[in-house]
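Have a look at these structures, which come just after this line.
Here come two complexes built around chain A, the first alongside chain B, the second alongside chain C.
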Partner chain A sequence: MAIFEWISFVAVVFILPPLVLGVLCKTKARLQNRIGASIFQPYFDLYKLFSKGETVSEVTSWIFRNAAAINFAVVIVVALLVPWLTFKPAFVGADLILVIYMFALTRFFTVLAALDAGSAFSGFGASREVTMAMLVEPAVIFCFASLACVARTSDLSVIFSCDNFSLSHNNALWLMAGLGLFLSSLVELSRMPVDDPTTHLELTMVHEAMILENSGPNLALVLFTHYLKMCILWGIAAQCFLRSISYFWTVGPLIQGALSLGALFCMGVIVAIIEGTLVKLRWTKLPQFIAFAVAMGLFCVLIAVMRG
Partner chain B sequence: MSFNPEMVPPCTLAIGYGLGVWVAAALVVFLTAERAKHTFFSFLLFMGSFFIGIGAFFSYQQKAISFNLLPCCYFAIAPLTIRIDTLACFFLTIVALVVCALAIFSPAYLKAYKDRLHPGIYWHCIFMFMLALTLTLLSTNAICFLIFWETMSLAAMALIASDHIRQKARHAALIYMGITTISTVLIFASFLWYYRHFHSWYFADWHAAGSITFPALLLFFGLAVKAGVWPFHIWMSYAQAEAPSPVTAFMSTVMKVVGLYTFIRLLILDNNDGLVLGYIAITLGTVSIIWGSLFALLERDLKRLLSYSSVENIGIILIALGVCLVARHDKQIDLAYLALVAALFHTINHSLCKAGLFVGAGCIEAVTHTRDLAFLGGLARRMPWTAACFLANSLAITALPPFNGFASKWMVYQSLFKLTMSDAQVIDRISGLSIVGILSLVGTLSLACYTKAIGICFLGRPRSEMINQANELSHSAVVVQIFFVVICLAMGLTVPYVASLLWPACCEVLPKVEQVHNLFPVPLQTVTCIAVAITCFAVWFLFYLAKRPDTGLKKYVTWDCGYGNLPARAEETGTSFSESIARIFAPILRYRMITEIQGKDRRHFPEIIKFESITSPLLEGLIYRPSMRVILILSRAIAKLQTGSIHLYLLYVFMTLLVLIGIGIRL
Partner chain C sequence: MKPVVKDVNILGLANTIKDWLHARTGARFGLLTSIDGKQLVTLVLDPKASAAECWISEVSDNTYKTLTTLIPQSHWFERSIYDLFGIVPDQHPRLKHILLHDEYEPTFHPLNWQEMGKVGDKTDNRKKTPILSETLSQEKFVSTGAKREYKFLQVRGEGIYELPVGPIHAGVIEPGHFRFNCFGETILNLEIRLGYTHRGVEKRLTEIHWRKASFVAEAASTDTACANALAHAIAIESLFDLEIPAVAQALRTVALEIERLAMHIIDVGGLCGDIGFSAGAAAAGCLRGKALRMGQMLTGSRFMRGFILPGGVRKFAHQHIASMQKNMQDLRKELDELFELLAENQAARERAEKIGVISKSLAEEFGVVGVTARACGISYDCRQHFPHGLYPKIAPPIALQKGGDILARTRVRIAEIRRSTDVIESVLQSITGSEHIIKLSNDLPANQTGLAVVEAFRGELIHLLFTDGKGAIKRYAIKDPSFNNWTAISIAIRNNLIADFPLCNKSLALSYSGNDL
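== the complex of A and B ==
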């Protein structure tokens, strides 16, 4: 069973992330009355980038090229820690502070790599990235911490365990946490109301601006890391949403697994709809958007403290 | 009890040898004065702290020993007694570790400034400072403590002013002088109060008979002033920026350690209510972390940036201590232990990585002769080791795994979680969770601050000419920095062991309970980090080594939007990096931007663009300056009484005489 879990998990980690993006792009294209690229397009893009040569700015130091590898490794391990799907091989406890700080570690290196080339644009991106991270971090930690308080442990794998019925009647808490995490994920992943991932105007971009200097295999690594991070964040939000539905707690593990996969794709579709219907917010309006996420987090805190 | 070598175990004697080396060194400096050699005295400093460190480390967990150091010394009301116990040994070990490393670093830095510092005075003050500091940690009674505390402060003041030719350094020393006087007055008042209450000068007697809160508050504020807690942190950014780098490193690490030691020794004990002090500590700690990290982010001066970051870290320690006090009041001893271990652990971590960072900053300062981020850049290629160590120490101080900073911050988070999950009042629990949120916000702010420091100093293109001539300061400086990084990493990977070592120190002040062994989940950090390292290596291998480097790794200019090779001035600067956060916190930072565009058709063809961003520290403008003005006006009024005119004084004498006669007749 353990071996089966490992194989399925490794397969999911490497196959799922581009697919979710593919579904997202396809949905978005259909919403805009386009046929759109195949849902497997992200794989082809990654393959193309991987087989290309690499151009590196002569200003860069060792940080620039190694940051991508470090971030990739960190996010893979985080994927192994965080219960973003119901089926996941057992690993050491996924402490929520550890997970949040592992993400912070990737941010640290991304920002440094952006500053390394000495380009004005990636500097902008880095500056914006830390600003948004600063605003959104409390929301993320409020959502997780209130779940942790009700579950009386800070281990995410226990909080999200399907056998942990102490949390099964907290529908409101799960819903709020899911909403908070979903809204923050839009910020963390630089998706639509915050940043338009499809534009290529350096002055407005956040994540794209930071990785402006990366190319070839390096860029492939960065992109894959980003896709995987996307899956983890949306996956964990989807898990919260699923747990707010009482039905989810009554079904067996196989259906739960299928549901969590389905929910992940649903998140992709929802984001596609958001991106198809909303416009990008002005940079100065962003704190107001993030305030919604923080408000969800605060609701979670209130529910958790009043209940506990 | 007099000093009897046979009674004292050899390891404890080592502490005495260390102190002896320093006393001897102080005397030798006195004789050599002008001709004092940096290398020689650094060696003596190293040897002294080495002995003290070894002694303290091996005396740790032994039975406490107290003796009269010099029986002839009797400070009027109390003898000069020192006591070597677990808590003191703990702090001595940290102090000795940091001082050892900094002693190795000092000569290289001091040689770069040899025409500005007077070696005799410098080394004399250093030895006075270290001796007084060590004896403060070992004092058993209030009188000794105050004498050594004052000596330490005066020595520190002289050290800040060591580059006294510059007006800024004199100004900083003056500010420090003022603040340290306030601190001493508060501590003095509280000690007198304690004496009146407990009828003893000995610290050991200060917790038996009932609890009194007011002197505890006085003491708390006295220490807070000295440790640079908000709103008393103002002095730090002046003093620490202007002092020579080794001195700054001493002040921001070992001197803070003394303040925290006194806090833990005297205030965690049940001689106060706990709740009042706990709430005050948590509140001030929370404000400190926000304030420190915000101002650190905005700072252009590398050393000031680091000193503001110390304010933030003191805040974290203070929050942990506050939780400890509240928990002790609520009789949750397990939680109190966890919080105290977190505070102690964070104290070590902060001392080590901050010392490492100050060494790095000192190297940059000595090599490039500037601390202004606007003139640095691209140093990673000129000083690769300093860059790598600065990066690693920054990872440690921003609490990122796998370094030790993460572990202590994890414990602080965990103690706040435990407070939230406990049966405490709702208000306690809500504030516990809110502080978790604030801590995470501050964590990201400090991440921003350190990525800015590294990114602007070490990465990108050089922003001034002198960078191109820069080289590593010296081998010793590199070795010291690597030493700090290795210790931080080693402690980060062996957290459960280190945490279990901290337990006995906590037993000194908290009611004894059985040791909890899983303070930090064993595999949590280590396993994860090893997994990351393996994966990272695999990826690196697959992507970079397996693909032969000649298949198209091309070097080219940075993307410049088609403008041609842009100069370094077009890069992101420190100011522009922090601009978007500064805008959000504009009311606190009093951040304003003034843009001035001139030209015929301003919009499309500007001729001159002037841009200025202004921040003014809120507290200084709103509180400190006005209160200084009031004090000045008052002193001017008082000065009128004493003009130096003999006639006026005769009048005073006459008036006094009349008044006295009047009183006499009445009686």
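== the complex of A and C ==
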């Protein structure tokens, strides 16, 4: 059984992320009355990029060449650590602080690689990314910490374990944590209304501006890492939402697994709807948006404190 | 329209212009150019009287005192004269090359015909290579040394960095280089370098026979094909004394308004796209297609190329009018839905309000035209004043706003879209008759000046031509509305956020090829 879980999980880690993005893009296209590309388009794009040559600026150092691989490795480890799908392989305990700062590590290398490339765009892209990361960090910490407070452990696999009934009747807490994590994931992943992932306008970009210099397999790796990160963050938010529904606690692991998978795609669809209807915020208005995420985090803290 | 041609002394030209403009309300400085490098040509417009004057001022020693210090609007005109004719405006505050890049010989002035003998002689014009003015004193021509060199304005200080963008951009748009000097996320100064699409349109128009010229003229800026073809036709017709058939005038009006409609719709859609409002962008893209389809019904070409010719319009099939009217009704309904969607969107409004503001006084000083000017409260629309198509008789009221920001420009655009649909519907109803073109004689009258002032969708478009003793065109000058408005974007974006530049740029919707010619 354990080996089966391992195999299926590893398969999911490599197969699922582009599919979630494909569903997102398809939904977005349908919302605009377009037919849109197939939901498998991200796979084709990745295949295309992997089979292309790579152009590397002469002024870059080893950081630029290797940042993508480092980030990929780090995010794979995070994917194995965190319970973003219910069926998670048996693994070492995942401390929430460790997970948060492993994501910070990927950001660190992305920013370094961007500065290494030396283009003016990646410079201000890095500056924007770091500014936003700084603002959104409290929201993530508040959400996780209040869950940890109630569960009396900082181990994510214990917090999210379905056998842990100390959290089973905290629907409000789970909902708030889910909302907080979801809103912060939009910032972390540079999605609308923070950043428009489909834009070609370098001057308005945040995340995209940093990876303008990447090409070929290097870019493919960056993109895949980004998709995987997307799945992990939305997966965690979806797990929180699922746990806020009492029904979820009563069903068996197989149905729970199916629900988690469905919830992940639901997140993609929800993001597509958000992106189809919302307008990108002005840069100076971003702190106000991030304040919503932080407010959700504070609600979590409030609920956790009241629970004692 | 025929301008009054006068000789005016070059000494104190700036003051003469200023006095003339002051004496008439609403009078405008039209354009500044030269015919063959021996003189300056100033065109001043009096819209109220629907009149124009063309002043010829002899230039001696290839230099004169700059007009820019008194008439800021002339700053790019003088730079382009410096490039094309080699006439040096003395004491110009920022004299740089504008159209010809570093690769050209420093002494290369493509429109300077001083030593070319007769200009406009069809047979040998093709063989002529533009003169390199070896005999003219070199130091007067080249202020920067032996090689052309372009120096950007430097901004220095702690924390200030330079951001070069272009000339190749990420979207499918024309080339142009933007040099930003930024402090954090704020733009302190923007310098625009154009000229990448300089093709020598004006010169080509003097080389080919005028019957073929309308195809070159409408390629001056292809999204403005209709307005350019119309201006060319009017400029040629103004040399003759004749009446254009009423049907042709009506169809020209319809074509011009379809162009305005289609381009304004896609500009509004572009604004939606830039703020990430994909629903609006997708809808506008689709509606623009419908507007262009009307152009296809009318002319057989979506961009209505080759339709307006000197003397009238090309053949037109009456049976299409009914389907065009039907299409127009559908389009109007769908446009209303789109505008409602936009009006309801508070976040979209927030992105546009009080951003990229151009003050009325600066807009007046730099002679800003079109939507940008009307968004600042300048009430100037050529359709009200200068004859083209059925205008000024059926000119719709001017859409005015006061804010001068992106929101005001968008509102002017939306109001103009609505008024264009009204004009198209009413003109389509009134079309009767079948005479669509009259024959013009093959030879143009000698030693004449022809002028056309047309309201293209970007604003005031001027075509000015001079014929020589044999009736050939010796100089054809085009002033695209973008030539006035490019300066406006540097003004508008100052002290705004870097991330707001694309939106601001889109709200001005400028043409690169129309500017570079």
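FYI, the second predicted complex is superposed on the first by the 308 of 308 C-alpha atoms of A that agree within 3 Å, B and C clash if a C-alpha of one lies under 4 Å from a C-alpha of the other, contacts with A are read in each partner's own complex, and residues count from 1 in each chain.
Rule of thumb we're sticking to: a contact is a pair of C-beta atoms (placed from the backbone, for glycine too) under 8 Å apart; a residue touches a chain by one contact, two chains touch by 3 or more.
Predicted, not measured: the structure shown is a model, and the values here were computed from it.
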Report task. Give one of first, second, both or neither to describe whether A:Arg152 is in contact with chain B, with chain C, with both, or with none. Result -> first
Query raised in the report: In the superposed arrangement, does A:Arg30 touch chain B (first), chain C (second), both or neither?
Result: neither
Query raised in the report: Is A:Ala120 in contact with chain B, with chain C, with both, or with neither (first, second, both, neither)?
Result: both
Query raised in the report: Once the shared chain is lined up, is A:Arg307 touching chain B (first), chain C (second), both, or neither of them?
Result: neither
Query raised in the report: Of the two partner chains, chain B (first) and chain C (second), which one does A:Leu221 touch, if any: first, second, both, or neither?
Result: first
Requested in this report: For A:Ala73, select first, second, both or neither according to whether it touches chain B, chain C, the two together, or no partner.
Outcome: first
Query raised in the report: Residues of chain A touched: more by chain B or chain C?
Result: B
Query raised in the report: Which holds for A:Lys48: it touches chain B only (first), chain C only (second), both, or neither?
Result: neither
Query raised in the report: Can A:Leu201 be said to touch chain B (first), chain C (second), both, or neither?
Result: second
Query raised in the report: Which parts of chain A are in contact with chain B and also with chain C?
Result: 120-121, 123-124, 202, 283-284
Query raised in the report: Across the complex, what residues on chain C touch chain A?
Result: 161-165, 170-171, 182, 185, 274-279, 282-283, 286, 345, 347-348, 350-351, 355, 497-502
Report summary line: Seen from chain B, its contact residues with chain A in the complex are 377-378, 380-381, 384, 387, 391, 395, 398-401, 406, 409-410, 413-414, 417, 420-421, 426, 429-430, 433-434, 436-438, 440-441, 443-445, 447-448, 450-451, 454-456, 458-461, 521, 523-525, 527-528, 531-536, 538-540, 543-544, 547, 551-561, 566, 568, 570-572, 576-581, 583-584
Report task. Note which residues of chain A are touching chain C in the complex, please. Result -> 28, 31-34, 120-121, 123-124, 192-193, 196, 198-204, 275-285
Requested in this report: Going by the contact rule at the top, pick out the chain A residues touching chain B in the complex.
Outcome: 52-59, 61-63, 65-66, 69-70, 72-74, 76-77, 80-81, 92-93, 95, 97-98, 100-102, 104-105, 107-108, 111-112, 114-124, 126-128, 130-131, 133-135, 137-138, 140-142, 145-146, 148-149, 152, 154, 202, 212-213, 216-218, 221, 283-284, 287, 297, 301-302, 304-306, 308
